[in-house]
Amino acid sequence: MNAAKSPSESFVIMNELVLPNDTNTLNNLMGGRLLHLMDIAAAISAQKHSNRIVVTASVDNVSFKQPIKLGDVLTIEAKVSRAFTTSMEVRLDVWAQNIPSGTKVKSNEAYYTFVALDSEGKVMPVPALEPVTDIEKSLWEGALRRRQLRLILAGKMHPDEATELKALFFP
Amino acid sequence: MNAAKSPSESFVIMNELVLPNDTNTLNNLMGGRLLHLMDIAAAISAQKHSNRIVVTASVDNVSFKQPIKLGDVLTIEAKVSRAFTTSMEVRLDVWAQNIPSGTKVKSNEAYYTFVALDSEGKVMPVPALEPVTDIEKSLWEGALRRRQLRLILAGKMHPDEATELKALFFP
Amino acid sequence: MNAAKSPSESFVIMNELVLPNDTNTLNNLMGGRLLHLMDIAAAISAQKHSNRIVVTASVDNVSFKQPIKLGDVLTIEAKVSRAFTTSMEVRLDVWAQNIPSGTKVKSNEAYYTFVALDSEGKVMPVPALEPVTDIEKSLWEGALRRRQLRLILAGKMHPDEATELKALFFP
Amino acid sequence: MNAAKSPSESFVIMNELVLPNDTNTLNNLMGGRLLHLMDIAAAISAQKHSNRIVVTASVDNVSFKQPIKLGDVLTIEAKVSRAFTTSMEVRLDVWAQNIPSGTKVKSNEAYYTFVALDSEGKVMPVPALEPVTDIEKSLWEGALRRRQLRLILAGKMHPDEATELKALFFP
Amino acid sequence: MNAAKSPSESFVIMNELVLPNDTNTLNNLMGGRLLHLMDIAAAISAQKHSNRIVVTASVDNVSFKQPIKLGDVLTIEAKVSRAFTTSMEVRLDVWAQNIPSGTKVKSNEAYYTFVALDSEGKVMPVPALEPVTDIEKSLWEGALRRRQLRLILAGKMHPDEATELKALFFP
Amino acid sequence: MNAAKSPSESFVIMNELVLPNDTNTLNNLMGGRLLHLMDIAAAISAQKHSNRIVVTASVDNVSFKQPIKLGDVLTIEAKVSRAFTTSMEVRLDVWAQNIPSGTKVKSNEAYYTFVALDSEGKVMPVPALEPVTDIEKSLWEGALRRRQLRLILAGKMHPDEATELKALFFP
C-alpha cells in the first residue's frame, strides 16, 4: 500500500517566455497554448505524486482574465490538491510578468484531473494526499464539490446526488 | 449594425495527424495538446463569425473519454453556438480515427468562449447568432445556462441569480 | 478483395491559422510550410481511402498565385482523385481567408501521390476509386495524363508511349 | 544594373537530422517535411543570388525514390540554375545517409522557383546567371523547357507555343 | 541609480518533460536541446534581475554527466550569481528525474552570461548583486575567476593579468 | 581496428534561416537556439567520423560577438578536430549573413565533444583523426590543451597536471 503524500511533494514551478509562435497577430498569448503549458506542468505534478505515467482525464472551467503579451514571463505553479482512488486533481496558479514594466498579474487558476497508468496503460491506484496548510485543507475539501460538478457535466451523476455542490447553491 | 449570422457561416473542420511530439511515453496524445488544437479550431470559427481577431476568454469543463494514439487522425468540428454582446460561445466536437482498424470514436465535446478585438485590442460588439436546425437551437438555449455556470465559477455571479442553471440542477 | 470507394469517403478539410513561424520577414506564408500542411491533409485523405499508413511518392507541379499573410485562415481540401494498383492520386484545393477584410482567395491546386504500406513497410494494393460527380469523373480521367507526365519526368516512361499526354499537346 | 552572377555564388548546403516529429508511425520521413526543408534551402540560395527577400512561386514535380528513416542525415544542396527577369529557378539535390550502415543514397532532385521582393513586397528584377561548368550550362538550357511546362500546367501558355518542351517530348 | 538586488529576486525554476523531438534514436535527450532550455531559464533570471530584455553574451564550459531519457522530468534552477557593470552571470543547476523509478540525478551545472538592452538594443547598466547566503557569496567570489577565463578564451585578456585565475593554478 | 580518418570526411555545412520563434522581442536570435543548432551540426559531424550514434559530452566556452537578426542566414561549419579513445572534439565556425545588406560576419567559434554509442547505448571506441592541412594540425594540437581545461573545470584533473594548459597561460 502506498503511503500518503503531502502536497509539497508534488509542487512544480514552470517559468516560460512567451515566444512569437505562441501569439496571435495582436501579440497576445493564445489561450490554447497556455492550456497546453498548464497541462504539462500539471502532468509533472501528478507524476511526482504517483510515480506513474499519467493521462489527462479532464480540465475544469478556466477563465483568462488579462491579455498576456509576447515576451512576458509566465509562471505556472502546480500542486496535487486531492487524490481519489485512481485519479488526482491538480490545482494550478498562473501569473504573467512584464519585464520592462516589472508588473506581475494573476492570469488564472485551474484544476486538471489525471489518471495514473502502468507501462501497459492499465489504470493504477495512487497514494492518498494529506493536506498540511490551511489553504491545502481548503483545496482538499473543495475537491469533492468540483468532482461532483465534473461528474454532472459529464453526465455521470444526477444533480440530486451532488450534496456538496448543492451546498454551494443553497448554503 | 451587423446582421445576424447562422451557425453554418462559422462552421470549421480541422483534421490533424497525431505526431510523436504530441504524445507521452505510452504513445497517447497529451490532453494539453488537444486543448491547444481545439482552441485554434474554435478561434477560427469565432473569427469567421465576427470578422475580427479574437482572444480566448474561457474554456468550459472538458472530459477526455478515450486515449487517442500516435498516428490517429483527429477531426475537430467547431461552430459558434451563441453570440452575446461582445463574446461568442463556440461548440466543439472531437473524434479520433484509427487508420488501420478503421474505428472512429468520439473523444469529447467542449465549449470555448471568445471576445472580438479591433486592431488596437479594444473589445468590439459581434453579430448576433440565429440558430437554424433543432440541434443549433438547443445549443443556443443551453448557452445561457453554461454562461451562468461560467460566471459563478469566475466569482462574477451569485448562485442565487443563476435561474437557468438552477432549473437544470434542481428542477 | 477491397470494394471500390467513392471520393467522398476520403474527403478531408483542414483549417489552419498562419502563425509567426510559418512566415518570412515580410509576414508572408513560406511556400514550404504550405507544401508541408498540404502533404499532411493529402496523407490523411489517402489513409482514409486505403485504411493503411501511406508514404508520399510524388508531388506534381504547384504554383502559388497569391501571397498568404500572417493571421490568415488556410482552408485545405483533399480528396482521392484516382487509385491505381498500389498508389493513390490526391487532389488538393487551397484557399486563404483574411479575417478583418473577409476576402477569401484561391491560393492553388495540387496533386500528391501516395503509396499504401502494411505495418512492415511493404507496399500494399489499395481499393479502386469510383467517381460519382462530373467533377470527380473529370479528375479521374485527367489522372492518367498526369501520371504519364510524372513517369516521363521521373525517367520511367518514354514520351512516345504517353498517349494521353500527347493528346494534350496535339489535340 | 546588377552584374551577372555565377551559380557557385548561390550554392547552399543544408545538413539535417531526421527527428521524431518529422516521421510517420513507420519511422519514415514524411514527404511534406522534406518539401519544407527543401524550400528553406532553395530560398536561402535565391536570396544569396538576388540579395533580396524571396517568395516561392512554384515547385516542379518531385518524386521520392527511397524511404528516409528516423535518425538519418539529410544533405540538401541548392544552386540557382537560371535567372529570368524577376524570377529564379533553383536546382536541388537531396541525399539521405544512414549513420550505422554508412550508406548514402540519392533521395530526389527538384526545381523550386522564387520571385524577389523589396521591403514593401514589390517584385524586383534579379541579376542574370552565367553558368560556368558543363553541368551548370546544361541546367541553364533545360530551364527554358521546364519553364514552358510550368506555364502550360498553370494555364498561362498554350502547348503549341511550348517549342522547347515539344522538342523534348516529340523530337 | 539602481538599488542592489539579492540572488533570490532572480531565482527561476523551470520544470520540463523530455518530449520525443528532444531525443535521438536511443531516446536520450540531445545536449543542444538542454542548452536551449537552460538559456531560456537563465535569460528569465537575468531579466528578473535587470528588468530589461537581455541577450546571451556567453556560455561557460558545460559537461553532461548522465544520459537523460525520454519522459524524464527536467528541473532547471537559475539565479544571478554576480552582476558587473552591464553584464550578469547566471548560475544554473540541472536535475533529471525518472518518474517510474523515482530516481533524481544531478545532470550538470553551468554559467551563462547576459547583457541588458533597452528597447533600441543599446547596452544598459544593471543593478549590483548582493549575495546573502554562504553559497551565494562563494559563487559571487568565483565569478571573477570565471570572468577572467572567459576573457582569456575570447582573446580579450592576457593570462598574466588573470590574477584570480592564476591563484587556481598556483594556489 | 578502425582506420584513421581525415577531418574532411566529417565536414558538415548547415545553412539555416533565423525564424520568428528563434528570436526575442528585439528580433535577435536567442543564444540558446544557436547552441541547439550548433549541437545538431556537430553531432552530424561526429556521426560521420564514427559511423555511430553520438551523445554530447560537453560544450566549451562560447562567446557571442554580434547580434544575429530575424531573417539572417546562419552558416554553421563543423569538422572533427581530434579523436581520443572514445570521444571526439568537433570544431564549429558560425557566420551570419544579412541578405538585403549582403554583409556576412563571423558570429563565433566553438568546440563540442561527443561520445560514440552502440545500439544498446554502450560507449564505443572511435577511429583516430589524422589532420592534413596546417589549420587542421593546429586544431589537433590545441585539442590536448582544451581537453585539460575541460577536465579541470569538471573537477577530474588537478591544475598541476595540466602541463599543456599551463604552457599556454604562463609560458
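Each chain carries a letter (A, B, C, D, E and F) given by its place in the written order, and its residues are counted from 1.
Everything below uses one rule, namely that contacts are C-beta pairs under 8 Å (C-beta built on N, C-alpha and C of every residue); 3 or more make two chains touch, one makes a residue touch a chain.
Keep in mind the model is a prediction, meaning the values are calculated, not measured.
Trainee: Farthest chain from chain D, comparing Cα centres?
Mentor: So the chain farthest away from chain D turns out to be A.
Trainee: Name the chain whose C-alpha centroid is farthest from the C-alpha centroid of chain F.
Mentor: Ranked by distance of C-alpha centres from chain F, the top chain is B.
Trainee: Can you work out the whole-Å distance between the CA centroids of chain D and chain F?
Mentor: So the centroids are 30 Å from each other.
Trainee: Using mean C-alpha positions as chain centres, tell me how far chain A is from chain D in Å, no decimals.
Mentor: Averaging C-alpha atoms per chain gives centres 48 Å apart.
Trainee: Chain E to chain F: how many Å between their CA centres?
Mentor: 20
Trainee: For chain B, jot down the residues that touch at least 2 other chains.
Mentor: Touching at least two other chains: 17, 20-21, 24-25, 40, 43, 53, 71, 119.
Trainee: Who touches whom among the chains?
Mentor: The list of touching pairs comes to A-B, A-C, A-E, A-F, B-C, B-D, B-E, C-D, C-F, D-E, D-F, E-F.
Trainee: Please name which positions on chain F make contact with chain A in the complex.
Mentor: The touching residues are 20-21, 23-25.
Trainee: Which bits of chain E are touching chain B when the two form their complex?
Mentor: 19-21, 70-71
Trainee: Under the touch definition given earlier, write down the residues of chain D that touch chain C in their complex.
Mentor: 24-26, 28, 30-33, 35-40, 43, 53, 55-64, 67, 112, 117, 119, 121, 149-150, 153-154, 159, 162, 166, 168-170
Trainee: Tell me, which parts of chain A touch chain E in their complex?
Mentor: 12-17, 40-41, 43-44, 47-48, 51-53, 71, 73, 97, 99-100, 102, 119
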